[in-house]
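Structures incoming, each one as structure tokens.
Next come two complexes built around chain A: one with chain B, the other with chain C.
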Partner chain A sequence: MNNRLKVLRAERDWSQAQLAEHLGVSRQTVNALETGRYDPSLPLAFKIARVFGHPIESIFSDDQEPTK
Partner chain B sequence: MKSPSLSPASWPRWIRAFVFGALFGVVGYGVGAWLAQVAPGGFGPPDMAVRWSDGLAMLVGLALVAGSLWALYVSLNADRLGRMYNLDGPASSEETALARFQALVMGFSGVILTLPIAFSLMGVSPVLGLGAIGLLMVLHTVMNVRVYRQADELLRRAVMEAAAVTFFAGQLVLFLWAAAERLGAAPTITAWDIYAVLMTLYLGASIWIGVRRGLA
Partner chain C sequence: MRKWRPVIKATVITFGGGLLFAFLGGIAVGYASSSGWIAPEMGELIVTAVFAAAIMAGALWIGAEWMRVIDEAAREAHKAAWYWGGTAGMCVSGVGLILSSAGPWRDIIARHVGSGGSPIDYMSAGAALMIAPMLIGYTVVWAWWWLARMRG
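Now for the complex of A and B:
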């Protein structure tokens, strides 16, 4: 699974700690998401979408299609 | 007016600890009394010989204690801890406290794992040894539950994945051994042998999953 988390975080000039606080997870989790080592649960994916104000499909995409 | 709740969750912590302690004490006494009736002389002489599984358990126990000491040492420096956890800066005081607690639980696991061997070799009475191990197990379980409750979904997923890998690898090894044993091609193994193999598999699976998920 690919995601645009790092780009979206950089656009807002947030640190990993700030994003982690918004999402209610650890910085390790944010790092694992950004580096593609971990795919979030559906509730966390929805929370990420809400925090960034984007639909889920514009943040996450499967390996076959590039992120929009 | 809202009536006060009578559920155990609303009791002060010390009362809950006292009630659980009393409950486990009564259960422990009952089991001990029953065992004293069933087997007054015990189930057999303690195994004083060092077995291959003792070596394996000692190795895993020492690895857990060494890992714990290393994590505690790393946690003395926030920058170093941040690097170890792949963070984008130094670890916060909360992250440091959590890392230290997790390290303590890991080291404690290693100590508990080696205790049955140490007690057996020292000739500690089974009732005393088992009582001490039982009490430490209760404390260890409480600590493990605390780690799990403090963890977010990544750590919980890693724990579950490690448990799943351990189960499937363990049942494979155990089935092969059990089949060989049933066919008379392998010696009989004990619960301690199985446990030592299980913990070795769990340690290996935890390290592998932790590295894959960026936790180590």
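Now for the complex of A and C:
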């Protein structure tokens, strides 16, 4: 799973710790999410979408998805 | 810090209550045995067994509260550590169990580790040797899970 978390966070000038606080997770979890080495649960994905004000599909993309 | 309150509360109640019970239980057993109401060994056994069971139940309670507090990635790390680390540890213990249970290896091992202990020593050593590899496996897999997800 690919995601735009790092870009969205940078746009807001947030540190990983600040994003972690918004999401109610640890900084290590934010790091694991950003590097794409941990896929969030659906509730956390929805929370991420709410925090950034974007639909889930604009933040996360399936790396198996064929290019359009 | 506030979210950790249930964990701290469970820890204080478990260990504080456990120590208080052991203290009061010791006094009660001392009194009961000196009055001839109960054999001292039986009293000690009852207090120690209740103490051990209560501490372990409390440890489960602490673990449950702690699992509720940590986030989902931390929970995943522990699930992976429990399954893979615990299972790998059990496999190591299983080899020891098979070798020490039957066949010619049993005698060879006995020559090296000795065979003169009492059954209670074997019970204690067996329990420890079952738990230790599982704990080591758990720790290794938990550390590996996080290290693998920290690389940028």
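Before moving on, here are some points about what is shown:
In the analysis below, the second predicted complex is superposed on the first by the 63 of 68 C-alpha atoms of A that agree within 3 Å, B and C clash if a C-alpha of one lies under 4 Å from a C-alpha of the other, contacts with A are read in each partner's own complex, and residues count from 1 in each chain.
The working rule: contacts are C-beta pairs under 8 Å (C-beta built on N, C-alpha and C of every residue); 3 or more make two chains touch, one makes a residue touch a chain.
Since the structure is predicted, the reported quantities are computational estimates derived from the model, not experimental observations.
Once the two complexes are overlaid on the shared chain, A:50 sits clear of chain B and of chain C alike.
In the superposition on chain A, no contact is made by A:12 with either chain B or chain C.
Common to the chain B and chain C interfaces on chain A are residues 24-26, 28-29, 31-32, 35, 37-38, 40-41, 44. Of all residues in chain B, only 85-89, 92, 95, 152-155, 157, 212-215 touch chain A in the complex they form.
Contact residues of chain C toward chain A in the complex are 70-74, 76, 146, 148-152. Those residues of chain A that touch chain C in the shared complex are 24-26, 28-29, 31-33, 35, 37-38, 40-41, 44.
Residues of chain A that touch chain B in their complex: 15-17, 24-29, 31-32, 35, 37-38, 40-41, 44.
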